[in-house]
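What follows is a set of structures to go through.
Both complexes below contain chain A, partnered by chain B and then by chain C.
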Partner chain A sequence: MGQSLAAPAVARATTARSAGSQNPAPRPRRNWAHTRASGFALILVLLALWEASSRLGWVQGQSWPPFSAVLVAAWRGTLGGELSLPLLSTIGRMLAGYAIGCSLGVALGLLLGANRWIRWIVLPVVEMIRPIPIPAIVPPLILFLGIDDALKVFVVALASFFPALINTMAGVLGVDDVLLQTARTFRVGWSRTVLRVVLPATLPAIASGLRVAIGLALVVTVVAEMIAGSAGIGYYIVQMQYALRPDAMYAAVLCLAVTGYVLNRLFLIGEARLMPWMGRG
Partner chain B sequence: MRDRLLPRLLGILSIVALLGAWEVASRTGALNPVLMPRPSLVGLTLWEILVGGEFLGPLGHTLLLFAVGYGLACLIGITLGLLMGASPVIYGLFEPLVELIRPLPKSALVPALFLFLGIGPATMVTVVVLAAVFPVLINTLQGVRGIDPVLLDTARTFQCSRTRTLLSVVLPAAMPMILAGMRVGLGLGLVLVILAEMLAGESGLGYLILDLQRSFQIREMYAWIAVLAAVGGTLAVIFDWMDKRVVPWRGRA
Partner chain C sequence: MLNRRSLLQTGAALAVAGPARGAELERVRVSIIPINDVTPLFVAIERGFFRNEGLLVDTSPSAGGATGIPGLVAGSYDIAYGNVVSTLLAAQQGIELRVIAPGTKIQEARNDHSAIVVRRESGIRSGKDLEGKVVGVNTRNNVIWLYARAWIKATGGNPDRVTYKEIPHPQMEDAIRQKQVDAGYMVVPYVTLATAKPEFEKIAHPYSAVQLGVDVGQYLATASFVQSKPETVAKFVRALRRGIEWYNANLTNPDLLPIISGFTKIEVPLLKTLTLPPAPLVVEPAQMERTTQLMIEHRLLRKPVDVKALVAPMAL
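Up next, the complex of A and B:
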């Protein structure tokens, strides 16, 4: 469920070992190989290989700029706005679509979970549309919405809608019966039961749906911008591919990676704040 | 029996009603009949494509690329996930790299791969691998992490070798998590292979749909999208069936 890898296996392994032996060492010596230092070293080695392979001409072709050139391009593009402006517009569209798709998805999910008649009628239609891979929906939508912001926001909203809907519904269906019966015993009204009992009990499921959706949202925004290019970082990347400016292209990819990472972090922080009982950081 | 019949019936009715409304709206002109052709016409086109066997070429092309990439992704993801879960050394070595690449929106890598590997099957397979490998890897890792220590202790008591413990104890115990990751990877892989075909503009379902839209063959476009939806749906159904087979002890898929 959670994507955090924060708790290192090392800690668990060492405590297990020291607990197993009768006579635990005063302080288990931390083996160098058991830390993530080797992992960071590996990244540095790979980056150095990248740099060297390009500088020394091991890899032929213009499509392989040295890593330092990518960093320079990223730095210049961010400061000069060539890169940061498309990135910001992409993030804006993504957040708009994400917010719309998730609120509709959660609302409909609550409804579908709460009432089986609505579920029986609506769910088959949802299941009919859901398996279509998102890129395939873009071409027909271009006919209706053109290639501007409306299209991209709609596509992102659609992509975020389904995970939010399905997870919310599953969460509502999985609510402990005892909770509902207790509410009924206390003669709590229907709307109040939904708001005060079902919703809080469903929050973890909703949160996992929203987390799936945010990962998807960024991917899909870039997809839509690539297929129906008019603006944004996805369009920029394709343009740079055609213009044979790989350093700028890789710089854009780098910025997107940072964006994806930051979004995920922010989401986890927000989740820990809003739902401390989830016990995950 | 009746309990299951009613929901099915209602579901079919609602889909029929939706298509009927579309048909009427398109006939009366409430929906632009050029942009949203009548479902009956789309159905007819779909029928022609299916009967003529025309769908086999592009569909086979896309599915083959997808299958190879997805298979590789599962293989790599599960192997690396098991190893990372079992050995702190391997975990420390790969974790930072995985965390570096994972947050990347994989769609952004497609043009980069075109430049680097050229446009061809190798690129498509790589794209699918990149898309599907991380959900599988992360879930495998978490499945291994979440394993009941009693199971491991038992294996140790019986003096199972490390390899045997990994294959006969850890792998089955992590299977529900692994399959959940493979499920996520399935959808992502399909998205990415379609996108890559659209951007490459050579062949396959993705290319075909975009090409039909650009040449304004709207009816054919919808028919092919229906084919694609059927593929996605079928894959999901097959997967659920397999899931029930492999981990029958899981409550619900």
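Up next, the complex of A and C:
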């Protein structure tokens, strides 16, 4: 991952250097192809196809509005609060569940990685529960947790818990034995070894677990909102579907796409700040 | 079961503690489906009928409608609007529910707007024609599915030789157009929009064809809620009846449209194209018993449900 990111950076640096000295002509084209702009260009082409398919009647259907109508609905919904307020409440629930699930996941992951006996006892249970699809357990959970925030925060926490746990545990198991032996040589205690040796060495693995979890958390929050209760962007999407307002429905989907993208970028920025040694190959 | 009960008791205890903190109005949480069937409830809210009874009604829409009864049992709601088939299924499973007020009833054939819709050129006319074909219903094993099957049987078809495909109401029109289904059982407002287009055609109104007078939907509460707070339930039903009376007297009143738009989010110009059916003032247990019979016939129920015990006296 880090290596694949590093490669274009090297190419970019080389291009810039050579262009500065002798051959300025090909620089903009090669640069453009190597930047994120090329990815956005594909998005623009796809959106133009969407617009054309609706305007020119390639796709017949009452639930296929042109993209421009979706943009208008997104703009109105964001300004009027009809869309932005549910989105904010969704993000709030998501972050609450994510924080709870990840904290527990990392804590238990450290424990499982550090102790073989606990791992043997707990891991089968984890492997049994982990593959259960969240939408399948929402209806029975309603009986115990109701249909409001408690239910949603719980399922988001559950969904975030497993990637955090599994990655943390794998990270602990992958810690260089030399580090542990060194700690043992210096007679560092168990808890201090976990905190000062194992945890820092495991941070990259934890970070990748947390990043997987944040993508899942958003999806699970929205799915839970679509199934139960009447709050958040998930409910808004279903409501607009039933109200025959597909433009507003797709506007909400668009907002979710942007939210997911922004969350991922923010995560990467935070990761680069807090763990500057990561992503350097 | 113990868990559910203790949850309910906690919920009831919290509800009792609520008004004591100085609030004048007693809060009642009602789960609804955002369709025209619950308009009288919103009329009663907008016109202050609940407030006059000392109630503050808090509605909680569930677009799919699947969470009403589980939410009641969990204590998230005090009252839920639900369809008759879900209610009877829950009763058979031993969930102690009570029907406390009427919701939707097909009193006259001309007020039955839900319909089985086909492509005009398909040539499908009867249940017999549907054998080996695919029919779209919003949910299998539920009220729409039951009456679609009953209609297929009544018009010479074998309902077991028809495939039922789950399609959400708003997507039914597209599913019929794109031939994912050969026919779709559509409800208001989607049926009105679809059949205004020349390529679609209604071939039947299963509710009125199979069982004129069917009680399609009702308001429910748990038996323990009805027992522990009979006053609250009585106030709710009284105010709701005033809402129903106002609604029935004002079916063509343009003041109704913003109320409906408020909870369905359907825009007013679209609502203007719809014809609103009158709402019932009472529940008819005999009609619910006929539904029970149909459910046994189509293997949704194993044995009859005691409808008389299910319907609370105030709903009659």
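Here is the rule we use: the second predicted complex is superposed on the first by the 228 of 281 C-alpha atoms of A that agree within 3 Å, B and C clash if a C-alpha of one lies under 4 Å from a C-alpha of the other, contacts with A are read in each partner's own complex, and residues count from 1 in each chain.
Operating definition for what follows: a contact is a pair of C-beta atoms (placed from the backbone, for glycine too) under 8 Å apart; a residue touches a chain by one contact, two chains touch by 3 or more.
Note that the structure is a prediction, hence the values are computed from the model and not measured.
Number of chain A residues touched is higher for B, counting chain B against chain C.
Contacts of A:V238 after superposition: both chain B and chain C are touched. Of the two partner chains placed by the overlay, only chain C lies in contact with A:L145; chain B stays clear of it. Shared-chain residue A:I206: touches no atom of chain B or chain C.
Using the contact criterion defined above for the overlaid structures, shared-chain residue A:S63 touches chain B and also reaches chain C. Legend: residue contacts after superposition of the two complexes on their common chain; A:A164 is shown touching neither chain B nor chain C. When the two structures are aligned on the shared chain, A:V156 is found in touch with neither chain B nor chain C. Shared-chain residue A:L110: touches no atom of chain B or chain C.
Shared-chain residue A:S230: touches chain C; no touch with chain B. On chain A, the patch touched by chain B and the patch touched by chain C overlap at residues 63, 139, 142-144, 226-227, 238, 240-241, 244. Listing the residues of chain B that touch chain A in their complex gives 6-7, 10-15, 18, 35, 85, 88-89, 91-97, 99-101, 103-112, 114-116, 138, 141-142, 145, 149, 184, 187-188, 190-191, 194-195, 198-199, 205-206, 209-210, 212-214, 218, 221-222, 225, 228-233, 235-236.
Interface of chain A with chain C (complex): residues 60-63, 139, 142-148, 226-230, 235, 238-245. Interface residues of chain A facing chain B in the complex, by the touch rule stated above, are 1-3, 5, 8-10, 13, 16, 33-40, 42-43, 46, 63-64, 116-117, 119-125, 127-137, 139-140, 142-144, 212, 218-223, 226-227, 233-234, 237-238, 240-241, 244, 246, 249-250, 252-253, 256-257, 260-261, 263-264.
Residues of chain C that touch chain A in their complex: 3-4, 7, 34-35, 60-64, 66-67, 70-71, 73-77, 168-171, 173-174, 177-178, 189-190, 193, 264-267, 270.
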